[in-house]
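Please go over the structures that come below.
Heads up, the next two complexes both have subunit A, just with different partners, subunit B and then subunit C.
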Partner chain A sequence: MSSWLDYTINGLIVGNVYALVAVGLALIFGVSRLINFAQGSIYLVGAYIGWVAVVQLHTPLPLTIIVVAAAAAVVGLIIERFGLRPLQNSVRIAPLLATIGISFVLDQLVMLTFSPNPRALPSQLPDVRFQVGGGTIGPLDLLIAGVGLTSALLLFVFLRYSKLGWAVRAASQDRDAAMQMGVDVNRVNQAVFGIAAALGGVSGMLVGMYYNQIDTAMSLQATLKGVVAEVVGGAGNVPGAVIGSLLLGLVESYGVAVFGTSYRNLFAFLLLVVVLVLRPNGLFASARQAPPEPLTGTFIAPSRPVRIPRWALLAAAAIFAVLPFFPVSFYVLQTLINAWLLGMLALSLTLVAGTMGQVSLGHAALLAIGAYTSALLSLTLSVPVGLAVIGGGLMSAALGTLLISPSFRLRGHYVSIATLAIGEIVSLVILNWESVTRGPIGISGIPPLSLFGYDLISPSSIYWFSFAVMVVLALLQGRLLGSHLGRSFRAIRDDDIAARAYGLSLNRYKSLAFIFGGFAAGVSGGIAAHLYSYINHETFNTQQSILALTVVILGGLGNVVGAIVGAVALVGLPEVFRIAAEYRILIYGIVLLLLVRFRPQGLLGTI
Partner chain B sequence: MAEQHNSMLSLRGLTRRFGGLTAVDAIDLDLARGELISIIGPNGAGKTTLFNLVTGLDRPDAGSVSFEGQDITGLSPERLAAQGIARTFQLGRVFGNLSVMDNVLIGAHTRLRAVKPAVPVIGPLLELGLALLRPASVKAEEERLREEVKAILARFGERLLPRIDQPAYSLSYANRRRVEIARALALKPRLLLLDEPTAGMNPTETAEMQALVAELKAEGLTILLIEHKLEMVMRLSDRVIVMDEGKKIAEGPGEEVRTDPKVIEAYLGHGLSGTAEQESAA
Partner chain C sequence: MSNIDRRTLVKGSLAAMMAGTTFSRAALAQSSEPILLGVSGPLTGPNAQYGTQWKQGFDLALDEITAAGGINGRKLAYQFEDSQSDPRQSVAIAQKFVSNPAIVLELGDFSSPASMAASPIYQRAGLVQFGFTNSHPDFTKGGDFMWSTSVSQADEQPLLASYAVRRLGLKKLAVLHLNTDWGRTSRDYFVNAAKEYGAEIAVTEGYIAEERDFRSTLVRVRDANPDGLILISYYSDGALIARQARQVGLKQVICAASSVYSPKFLELGGEAVEDVHVGTRYFPEDPRPEVQKFISGFKKKYNGLEPDAFNAYAYDAMNMAAAVVRIGGTDRKAIRDAFTKVKDVPSVIFGTATFDVATRRVKGAMNAELVVRKGQFALWDGKPT
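Let's look at the complex of A and B:
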């Protein structure tokens, strides 16, 4: 009995922390219809500022909280002013991509400043436990509850009684009407981002104290949990976000009680997927909403794609094909092999995100499915590696499409959330399904690539193999885009309502896009598994998903040649300039931000 | 019953509520084959919501829609398109990044046969395979449809044909409306719903559009038209239905409807009927 009470208290406390993140997300969504993927990074920044204050400056607790809130608010204001305000009149995908880019830049800056090693964040509170009924509660629990309640009260007073609070509520009900009535939307956005960031920063600090540990992996987890709570409560619904957070905290806590700690996140993401499928507007949304008004403007940046003459493409392909005959170093070949593997992933993502408009943030999961399938087929069933790789592609196509299918009726940002969550679910299933995937130990001794009985060991043979596979996939994709399917995908992306009115089934065509794209990504993952010879649940992570997204934006959404050019550029240029590995992700994030701001159509143009 | 048999589209007690607002309130309507009915009424009268209910983009709270004697209430827009119901949208919903040709080809989507084998379960996979392999039958179908699209675009004179490969976002507003209508015609509709086809067009463009709609009607197409330009409504319509606040307040031949005091009141509010009569007589 007592332990159940403990789990309940724990669930409510953790829920309280999630609420601080989720309320910020809900405020921002309410005003600007944007899911701020950088919210978790502010939470991370808050935790580290708290660490500096507590450990280095020895500030007393109340001052620490104020310092963290103020510093995080400044970060929020900077994000709003320089990251998002310039994008106000751009295409719908731009602010979404910008918050993703900002999140990566902030995380990397924190990591470079403080090193990725975990640090202890002492709470400065006495370590005593009070008996409450059958359970116990500590001063930190009370602090978290107190901060949660105080913030809720302050927010309520602000929204209810201050003039700016009225403006925020007006803008979230009807932005255009509010603007016409003279509400300064920029000020409203500033207020909302400042408040959201302050709450997020304090939340990060409290969590750090609660577990007495902070590390840079906190960011993505916080974003995910906050988004889950917010979506459960109904996007943009502030009280809903609080209830959703408490519910999420309890679900996780009870889940951990029954199944163990490694299942904590699995429950969170399953809750998200269930809510998205059954009640995409959240648990507390009114049953049925009026169909949205026709959208002016398009999802991706309109552009005229750069036409590359066929002879130039053939020439480039020929040069890359004969490259190993020339005295190039192993290092160059290795770099290009990585580029070809990334190119396959980018082909997949450019089809799904660019041509079909489903911005997937969990694309690495398709790599993982392909890699595990191919590795296990060749290891346990002794399937020839060439066939195993194809098997990996097919499994990725089938399983990936099946997993994503519940989110086919979602739009825009929701697709990104759902794919992010599904990516995490795949990774957690790989971690926990030990009888098949060997769990945290991973799979070692994966046989090398081979074709018709010949092992491909030499760098040039691996180079040719991966290049040939990528070229074949690219040609197939080009053919697909030229068929009626290409125009059907693009029609659904541009306006799914008009597409449906002309008989295009969203389920059918989204499935086909994911089947085709899933195959390319699965093949890429399969080849990678045989090259690495060892894989585990962390081999294919969110960083790869984001890298692929940056490649796709760089090349131009939906652009087949662009995906390959982007892959070569993003893999090759850091090598050319000898940029240290730890700075690369920072640079990818900055590239993404600059592209969204200054060349949203990418190098070769969107198609 | 006899009337119902004759009519292509019939609505019975069709109702849609948004919260406290009844956007469409117990509308009855019968549209005979080859007939053109215009729906007029002030902004917010529920005309577009009615279109959404007929084309499956929204579901009614009560009432029924039948098409060619079959109950189609609440069917999905995809199924209704396949039945031969095409529509245009009030604010324009062209596919911005698609060329004019591709926009109109999408209109012919429901008529694709060679590339969409009607095989259950594996149908979509076969469709993918055929799209990649492109056997002669698929190529021939595509070629035939492209020729058809050119013929449809030719109906708009030199407005669209020279821009056939341009993306729709680069077109003028009026041309986008034309692309929408071309797309609807590519479906080979049995019933065409036009939602304010001349919105934002100047008098010359309006006259062109009016001539086109008259042509379509002469060819025997059944049309439901929402339109604010009364002159065009009077010229084209067999009957006019007037909606206000979700309700049908008048129905009949154009001349009868335009002098109906209820209609004048709905358009111009109370106490202005005198001026309204002058205006409608003008």
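Let's look at the complex of A and C:
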């Protein structure tokens, strides 16, 4: 019995840590309806500024906190002013992409300044431990709890009773109306970003002290857990975020207690999916609250797509088709093979996210399902590779649609978060379901691609094969979009109530989109498995999902040619910047930001 | 013959002709140009720290090789391509390396997915992929161009088990391991060896690399009531576990695998890692000349910095590469054959390294039983802690 008390206390302690990030995320979401993917990076920056203050300047703790808060707030203001404000009249999805780009840039700057080696960040509090249950807690636990609760309380009071707080809430309810009533929305945004960033920075520092360890990989994890906690509590709801964090900590801790450590995150993400399905506005959303997303499709604004004449497309396809006859290096061919594989994934995502409006952040899971199915079919059942790849596509279509179906009733950002969680769940199931997937050892010795008994081994033959598959999928998708199906998809995206009024069954059309998209992604994963010969649970990770979304937005949502152009650009750019060595991801992030800034509707425009 | 095959043949012969002209040009420049090795590894992304440690080890070894006159008068150099430990990038890098005739040998990658995805390309092109941190049991099964000096876990884990069970007298163990291919393989070898030596395994817990909070895991460990904790961890997670174990009041003996052997483990763990036992392959006061040369050289080059396990792996790997190139010259196939001929290369990890031609790995890692005393790694004096 005493163990359960310990699990409860441990859950609350960790929840406490998550709360610091979640509160900042909730604040920003509350005002700008934006999941700030850069919040984890501000947390990282805060941790390193804290390190400089403590280790180099030997500042006392109160001063350290003030220094970190101020510096992080400045970073937040810069992000708001130069990263997000220029985008406020563009597509709703553009700021989301901008925060991803900003997080790349910030993480890389920290890594380049401080080296990627982890550092110790010593706590400045006395090392006394209080016995609680079977374990102990220290003063830092109390300080973190204090900071979390106080900031939530202060924010609550600020939002409810101060004039600027009213302005913040007004702006979050209806930005245009607030502007008409004379609220300076920019100032509100500034205030919110400053506060959220200060909080994020301080929390990064405190968590760094808590573990006596800071490193550049902490940013993405912080964002992931913070987003989960925030949504569980009700996006945009500050006290809800604190309670959601504690709940998340408890669920993880009990999950470890019952099933073991390797199941921990599985429970975190299952909690999220269950909450989203049962109470899409979070556990603590009040009934009076305005719907979290606008009813009509302003999330993805239509724009005028760039029309590419048919002859130009044919010419481009012909050039790429004959490319291996020219003396291009295998390296270029391999890079393009990667682009075609990513292109298939992007075709899938641009259909689901662009045409259908279901912005998925867990698309790598479809790759993984396709890859594992194809690899296992060919290895254990000796299915010919060509058929196994198709089997991978079919499995991905079926399983992917089944997994996503509970979240069909969700809208806007909530779809993204649900798919993010489902993606993580798939990866964790692959890690833990050892009898089938071989767990962390992974699957090795996957046979190479072959077609009708001929092995496709040379780079040129793999190039032609993947290019042909991608072109066929693209043509099919183009055909699909030109039919009544494409019109129905877009109708649902643009106004689901009107679409329903016209008799369209939302679930059926969403299923169709995911079936087609799942197939394309599964085929891409299957080909990758045979190309690499070895896969494990890390081969298709969250970064892949984020990359795919970046490709799709860059190319233009729903735009088939755009998806392929985007894939070539985003596989190609990091390779082109190879000469810049450690700086290449930084440059990539900056280029991404500039593209979002000057072409938010994507290179070829949304269709 | 299929269409595809004929095209490939035409293209292949074209490529061969072009390669031929490049080779003859390379031959002209032979005396002045350095001999080039390709390195595929993480310089950015989540594993970036290990890539920077590789570089430190490589650079030290290259300084020594150059000072000793290079390879038959030619310098040895490497071209480091950042893969972020991502299989998509490591395969592109593999094509880049195999189609660059100047590159005679490839080192890396870091993670198994990245390394083993590139193996088929190196194997088909006939360029040796020398993976010096690739402990995945299937890595060298990728083909006869895959060679590894990574300490086989079949070798290392019984040594650790012997330290914990026979020397420290632990009877009931809790094993915490990274849930990766490395951690999982290591755990299995460890558990088998520990049982053979007569210990009981009370509980094993696998955790993912991003994990930071181990308090609930440690409650499980406490409830299993072990008399020792075994950490199959890297230094950053190892330090986290040790700290949290002490914070929740676990006082059991902690015994860790050699991968925590790093000054960072001491820095990040602080007082909590005091008395932690570590089975390693070398230690600072080791009288072996290759160890003394490595440690003093490293401290001199990097302003007093203590080298860690990954520095040592990289340093050894570069020395091995130099030894192989000395025998095999600059022909890729001759270099592959040289791996079967190279004998007794001085090595920090192995003492002297000779490949087992059947497994393409090196056996017989050295063993040192260390313990953290007063914030420093020291040879264990046999006293119980």
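Just so it is clear, the second predicted complex is superposed on the first by the 516 of 607 C-alpha atoms of A that agree within 3 Å, B and C clash if a C-alpha of one lies under 4 Å from a C-alpha of the other, contacts with A are read in each partner's own complex, and residues count from 1 in each chain.
The rule is simple: a residue touches a chain if its C-beta (ideal position, glycine included) is under 8 Å from a C-beta of that chain, and two chains touch if they have at least 3 such contacts.
The model shown is predicted, which means the values in this text are computed figures rather than measured ones.
**Q** Which partner does A:Arg508 reach: the first (subunit B), the second (subunit C), both, or neither?
**A** first
**Q** Applying the touch criterion given at the start, work out whether A:Leu485 contacts subunit B, subunit C, both or neither, answering first, second, both or neither.
**A** The first partner, subunit B, only.
**Q** Determine, for the superposed model, which of the two partners subunit B and subunit C contacts more residues of subunit A.
**A** C
**Q** Mind working out whether A:Arg160 is in touch with subunit B, subunit C, both or neither, as first, second, both or neither?
**A** neither
**Q** Which partner does A:Arg187 reach: the first (subunit B), the second (subunit C), both, or neither?
**A** Neither partner.
**Q** Please work out whether A:Pro116 is in contact with subunit B alone, subunit C alone, both, or neither, and reply first, second, both or neither.
**A** After superposition on chain A, A:Pro116 lies in contact with subunit C alone.
**Q** Intersection of subunit A residues contacting subunit B with those contacting subunit C?
**A** No residue of subunit A touches both subunit B and subunit C.
**Q** Looking at the complex, which residues from subunit B come into contact with subunit A?
**A** 18-19, 52, 55-58, 76-78, 81-82, 86-87, 89-98, 102-103, 105-107, 109-110, 112, 115, 124-125, 127-128, 131-132, 134, 142, 167, 169-170, 183, 187
**Q** Within their complex, state which residues of subunit C touch subunit A.
**A** Residues 2, 4-5, 7-8, 11-12, 14-15, 18, 43-46, 48-49, 51-53, 80-82, 84, 86-89, 91-92, 94-96, 98-99, 111-113, 116-117, 119-121, 124, 136, 138, 141-142, 176, 179-181, 183-185, 205-208, 210-217, 219-220, 222-223, 236, 239-240, 243, 247-249, 264, 267-270.
**Q** Tell me, which parts of subunit A touch subunit B in their complex?
**A** Touch list, subunit A to subunit B: 286, 290-291, 293-294, 296-298, 300, 302, 304, 476, 479-480, 483-485, 487-488, 490-491, 493-495, 497-505, 508, 511-512, 515-516, 606-607.
**Q** Which residues, counting only subunit A, touch subunit C once they are in their complex?
**A** Those residues of subunit A that touch subunit C are 3, 6-7, 10-11, 13-14, 17, 108, 111, 115-120, 122, 129, 131, 134-136, 138, 211-213, 215-218, 221, 252-253, 256-257, 260-262, 264-265, 324-325, 327, 329-331, 333-335, 338, 341-342, 431, 439-442, 444-445, 448, 452, 454, 456-461, 464, 531-536, 538-539, 543, 571, 574-575, 578, 581-582, 584-585.
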